[in-house]
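One chain, chain A, links the two complexes that follow: it is found with chain B in the first and with chain C in the second.
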Partner chain A sequence: MKKRKFLSIAGASAIALSSVFVSAQTAAADDPTDLNIAIILSAGIESPWDGTLIDSLERVKAEKPHGLDMNWQYTDPLWGDDAGEAMRLFAESGEFDVIWAHSTYSDQVKKLKDEFPDILFVVVGSGNEGLGGNQYWVYKRIHEASYVLGVMAGKLTESNTLGVVGTFPADDVNDEINSFFAGARSVNENIVQKVAFIESWYDPGKAAEMTSAQISTGADIIFSLAANFKPCEEAEILCFANFGDQHSYSPETIVSSALAFWDPDVNWIIDEWWDKQVNGEPYDGNTDIIWRGMADGGAGIAPYQALADKVPDDVKALVDATIAEIKSGSLVVDVNVKNPVSN
Partner chain B sequence: MTSINEPAENLFPEPVPKWRIERRVNPKRSWTFAMYALATLFGLFLSALLLLTSGADVFKAYSALLKGAFGSEKALYATMAKATPLILTGLATVVAFRAQVWSIGQEGQVYAGAMGAYLGCLVFIGLPAWLYVCLIILSGMIGGALLGTTAAILKDRFDVNEIISTVMMNYLIVFLLSYLIGGGPWTEVSTTVVYQQTGPIPAASELPYLLGSTKLHLGFILALTAALVCYVLLEKTPLGYEIRAMGFNPIALAYRGTNIGRTIIIVMAVSGAIAGLAGVSEIFGTAHRLRADTLYGLGYTGIIIGMIGGLRPLGTVVAGIVFGGLASGGLYMKLLAQVPDALVPAMQGILLLAFLCAGVAARYKLVRTEKDV
Partner chain C sequence: MSELFQEAILVSILAGTVRIMTPILFAAIGELVTQRAGIWNMGVEGTMLMGAFTAYIVATATGSIWLAVLASMVVGGLVGLLTAFMTATMRVDHFITGLGINLLVAGLTLYWFRIYIKGRAQPTFDGFENVPIPVLSSIPWLGEILFSQRLLTYVAFAAVPAIWFLLYRTRWGLELRCLGENPKALDIKGLSVTGRQYIAVLIGSVMTGLGGGFLMLGFSDRYLADITAGRGWLAIVAIIAGNWLPRGVLAAVLVFALLESIATHVQVLGLNVPHQIFLAMPYLASILLLMGLRRKSSQPLRLGIPYFR
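Right, the complex of A and B next:
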C-alpha cells in the first residue's frame, strides 16, 4: 500500500515537474530570438565615432546576449529633419526593436517616442536632452584614455610643445583635450599647449590644414581628434588618435589611440530591451548622463603595434602603472569641459 | 611669289567657320519647355545608368524617389518645406548674378540671417506674437544684408574681387557662430554644458505651420513672396533695369550716369537679405534651435538652383521644388532602395549639367555661315 502510494506520489510529482518543465520551455519559446536595430549614423562608417559602434556591435553579436540573433541596418550620415524622417520610416516599418541614433538627435526622438512606445530609442553624446521613458542616453567619455596618452606624450616630447586638433569645442571633446594636457603636465611641467578646432565633425582637408599649423608652431607630437595624419607623416613626428585604433591609417606616426568601446553600452541597452520584452518592465530611460570609463571596459588605449620601439621601456611602465591606477580608482582623472585654448 | 618675310597667316589663311552660335530672338515658350523636358529625361536616363553601375534596382530607386518627393500629401508638404530655403538662396543668386556680381556669399548670408534672427528672438521676446515673428524675420534679413553689403563695399571702395571676399566671409561667419554657440553667450546651458547649439527657440517665435502640416511652414509663403518681389524688381522697375543693364554693360551704364558702386551695394544688400531669409526659414520653421549643421550647404545649393532656373524668379521656384523633391525623395531612395549616399548629389549634378545645356539650347542656336562646296 505504501509502495503504491509512493508510486502515485512519484508519478504525480513527475507529471507536475514535467508540466513545469514544459511550461518553462513554452515560456522560453515565447522569448524573442531576434533583435533588430536601426542605426542613424552622424559622420559615416569611416569615421572613428561611428565605426567603433559597428565594431562593438559585431563583438556583442558574437556573444549572443540572451541568445539573441542581432541584426542591424545603418544609414549614411543624416542630421536634423532628415534624421527624424529616417527614424520615422524605420519606426513605421515595424521591423526594428531599437533605433540607435548615434549622436545629438533628442529633438527628433522627442517627436516620435510617444508615438512608438514599444521602440527603444537611443541617443548618444553631448547636446542631447534626457527625455526618459523609451529614450536612453548613452554618453562616452574617453578622457581617462586621453590622460594616459598625455602621460606618454609628456615623456616623449623634445620641444615640450604638444598640439591638439579638435573637431568642435564641445563637452565630450573638451574633456579629452584637457585630460591629454593634464596627463602631459603630470609628468612634464614645462608643457606648452596648442589647440585648434576644425569646426566640423569630419573634414579631413581642414584637419590637415590645422595639423600643419600646429606643427609649424613647434609641436612635435600631435593628438588628432580629426583623423588626418598626413602632415605628421610629412613632418616625421609622432601622433595620437582617438575613438578607434587608427594605426593602420598611418603606421609610421600613430603610436597609440584613445579608444572608445561601446560594448558595455550596447549590452546595457539590450538588457533594458530584454527586461521590457520578457519581464514586462517598462522602459525607464536615463535623464542624466551615464558614462562608462576604463574601469567599466568603456575606454582604453590602443597597442603600440609597429611603433613599440619608439616608446622607451620606462615610459611603457609608467603608462601601464597609470592605467592600473585609473582602473583601481586610486587615480581619478577630473572631467574638465572648459574650452581649451593655446598658450 | 611670296617672300619668306611675309606673315604666316597669308600662307595659311584661317578658315572661316562654317557655323556660328547666335542668340535666339524671342524664343518660343514651347521650344524652351521642350528643351527642359528633354533635359529632365536625359538627366534621369544618365542617373539610371549611374544607379545601374552601383548595383541598385533602378525601378525601386525611382519608385522610392517619387514616393518620398510627391507620393502623398505629407510627402508633398515635406518637399515644399525642403524647397523653401533652396528657393530663397536661389533667388539671392538670381539678383546678384543678373547684375553679374559673382557673389558666392549666399552660404555665409544664410548663417548671418539665422544669427540676426536669433538675436532678434532674444531682443524682442515678450512682444505680441505677430509682431515678434515679423521683427525676427526682419532681423534675419538685416543680418544677411549686412554681410552682403560688406562684400559690396569692399568691391566698391577697395576693388576687392567679390568672389574672394564672399568666400572668405563664408568662413568667418561660421567661426563667429561657432564661438557664439560653442561656449560663447548663445551656448545652450543644460546637462551637458558645451555643445554646438543654442537652446530651443521660444514657441511664440516659430514660423507657423500651414495647412495643418507638421513640415510646411510660413517660410514657403515668404519664399513665393520673395520670388514675386524679385520678378517685379528685376522686370518692372527702373532699378531692375539698371541691375540688368549692369549685367550687360556696366561701362555704358556708367556713362548713362548710373552710380555703379551704389547699384552693387543695393544688389548685394537685396541678395543678402533674401539669403538671410533662408536662414530664418530653416531655423524658425524647421530646426527650432540654432545649429550650424542644419544650415550647411543651403547657400551653395542655391547657386545651382538659381543657375538651373535660368536666373529667373519663376524658374528658380520650379528648380527649388524639383531639388526639394530630390532632397526629400533622395532620403527614401537611400533607405528604401539602399542607394548609396553619394549618388543623390551625383544625380543632382547630372541634372544641373542637363539643365544648363537645355538653357543654352533654349537661348542660342547654331547658324550656318557658308554653303558646302
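Right, the complex of A and C next:
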C-alpha cells in the first residue's frame, strides 16, 4: 500500500514537474526578442547630453540584455507640443515598446501614459514631475565627477581663481558647479570662484564672452558647461568640459571632462520593461529622483589624453585616490543644488 | 558695484562690447540700407543664420576661413534675392515674407546640418584670431579695447561711415532714400524702383550674411541649430532705436552690446544685481525710444508698403 502510494505520488510529481517544465519552455519561447525604443532628443545628437545617451545605448545593445535585439529611432530636438505630437505618433504606430524622452517632457507624457499603458515612458533630468505608473524618471548627476575635476583644478591653478560657465541655473547644473568648487576647496582653501550662466542650452557667442570675462578677472582654469573653448585657447589656459569627452574639440586646452554614462539607467529601464513583459509585473515608475553615480558606473572622468604631461604625477595620484574613495563610499560628495554665484 | 570700475574689468567690459557689437553691427548697418529703400526685411535672423551655417560648412570642408567669409556673403545675397523677389517683384507683405524666410532657413539649415555631420563626430575649424594693429594696440586701454580685435571687427566699424557716405553723399544714395519716402517720384522720372530695391536688399543681406559668418568664425568652432540666438532680431531693434540713421544705429548697437557685456561681468563678478535686467534693457530702451521719437521719427514713410504703379 505504501509502495503504491509512493508510486502514485512520484508519478503525480513527475507529471506536475514535466508540465511546469513544458510551460516554462513555452514561456521562454514566447519571450520578446526585440526591444524598440523611440527617442525624443532635446538638443541634437551632436550635443554631449544627447550623444552620450546614444553611446550608452550602443554599448548596452552589444551586451544583448535578456537576449534582446535592441533598435531605436530618434528625432531632431523637439519641445512642448511638437514633442507631444511626436510621442503620440510613435505610440500610435504600435512599433515602440519604450518612448525615451530625453529631457523635461513629463507634461507631454502625462497626456499619453494612461492611453498607452503598455508603453514604458522615460523622462530625464530636472524640471519633470514624477508621475509613476508607466513613466520612469531617470536623473543624471555628474557632481562626483565634477568634484574630481575640482580636485585637479584646485591643485593646478596658479591664480587660485577658477571659472565655471554654466548653461541654465538648473538643479542638475548647479550640482556640478558646486561640486567642482567643493572639490577644489578640498585641496586648496584659497580658491576664488567665478560663475556665469549663459541662460541658454547653447550660445557660443555668450559662452565666449562669459569665458573671456572670467579670464579677465583672473581665472586660469575654466570648467565650461557651455562647450566653447576658444577663449581658453587664446588665453592658453586649461579647461574642463562635461557630459562627453570633448578633448578632440580643443586638444590643447581640455585636460579632462566629467562624463555621463547612461548604461545603468538604460539597463534599469530594460529590466523594468522585461519584468512587465515576461513576468507580468506591472510598471511601477519612480516618483522621486533616482540617480546613479560613479560607484554605479553612471559617471566618470575622461582620460587626460594629449595633456597628460600638464598634470603632475602627484595630482594624478590624488585624482585616482579621490575616485577610489568615492566609489568605495568612504567619500560622499554632497549634492548641493543652490544657485552658485561668484565671490 | 565698484568692482565694475576697476581698470582691468573696465577694459574687459569695453573690449567685450566691441566683440559683441561686430555681428549685430554688420546686420544692422546693412539692413539700414534695405529699410531706407522701403523694404522692411524681417528675415534678418534667418539670413544671418544662413550665413553662419554656410560659413561653418565651408570652413570645415575647405579649411579656409576666408572662403567661408565669402560663402556667407554669397549665401546672404541669395537669401536677399529671394526676399527681394517676394517683396519687390511679387509685392508680398514684407512681414510675412520675412517670417517665412526665418522659418524656411531654420528648417533647411537643420536638415542640411544633419546630412552634413552624419553622426556625432562634428567637425570643427580654426576661426579668426585677434589681429593687434601695430603701434595702436600698444596704447593703454584703447589698444586692448579697439585695436586688438578680429580683422572683421575693423571692417564692421569701417562699414558705418561707408554706408553713411553711400546714403548721404551720393546720388544713388539719394535715390535709394527716396524709395523709402516716395517711390512714385523715382518711377515718374523713369528710374527703376524694383531694380533699386533689389540692390538695397542685396546690400543688406550680404552684410547680414557676413555678420552670421563672423558670428560663426569669430566666436565658435562648431555649429549648432539656431546659433544666431536672436541677434538678427536685435539688429532690427537697433535700426528702430537708432531712428534709421547710421550714427543712431551705431549708437544703438553700442548700447546693446555694452549692456550685454555689463550683464556678463555682473555675473562673473558676483555683484548683487540681477543680470537679466541688463539683457532686457535693449528692448525696453527701444520701446521708450520709439515712444519718445514719434514726432521726430526718421522712419521712411513707405517702409513696409509694397509699391504698386
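Just so it is clear, the second predicted complex is superposed on the first by the 317 of 343 C-alpha atoms of A that agree within 3 Å, B and C clash if a C-alpha of one lies under 4 Å from a C-alpha of the other, contacts with A are read in each partner's own complex, and residues count from 1 in each chain.
FYI, a contact is a pair of C-beta atoms (placed from the backbone, for glycine too) under 8 Å apart; a residue touches a chain by one contact, two chains touch by 3 or more.
Source: prediction; values computed, not measured.
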| item | value |
| --- | --- |
| Fit or clash between chain C and chain B when superposed on chain A | clash |
| First (chain B), second (chain C), both or neither touched by A:Asn128 | first |
| First, second, both or neither for A:Leu307, with chain B first and chain C second | neither |
| Touching partner for A:Asp76 - first (chain B), second (chain C), both, neither | both |
| Touching partner for A:Glu46 - first (chain B), second (chain C), both, neither | second |
| Contacts of A:Phe168 with chain B and chain C, given as first, second, both or neither | first |
| Which of chain B and chain C A:Ala86 touches, first, second, both or neither | first |
| Touched partner set for A:Asp107, first chain B, second chain C, both or neither | first |
| Contacts of A:Tyr249 with chain B and chain C, given as first, second, both or neither | second |
| Partner chain in contact with A:Val335 - chain B first, chain C second, else both or neither | neither |
| From 164-172, 200-208, 218-226 or 326-334, the chain B stretch with C-alpha clashes against chain C | 164-172 |
| On chain A, positions contacted by chain B and by chain C | 44, 76-77, 197, 199 |
| Complex contact set, residues of chain C against chain A | 8-9, 11-13, 15-16, 19-20, 23, 110, 114, 117, 119-120, 122, 124, 127, 129-130, 215, 219-222, 224-225, 227, 229, 231, 260-261, 264-265, 267-270, 276, 279 |
| Complex contacts: residues of chain A adjacent to chain C | 44-47, 51, 54-55, 76-77, 163, 194-197, 199-200, 202-206, 208-210, 212-214, 216-217, 227-230, 234, 249-250, 341-343 |
| Complex interface listing, chain B residues touching chain A | 78, 81-82, 174-175, 178, 182-183, 188, 190-197, 200, 215, 286-289, 291-294, 331-332, 334-336, 340-341 |
| Chain B contact footprint on chain A (complex, rising order) | 44, 75-82, 85-86, 89-90, 104, 107, 126-130, 168-172, 174, 197, 199, 201, 288-289, 337, 339 |
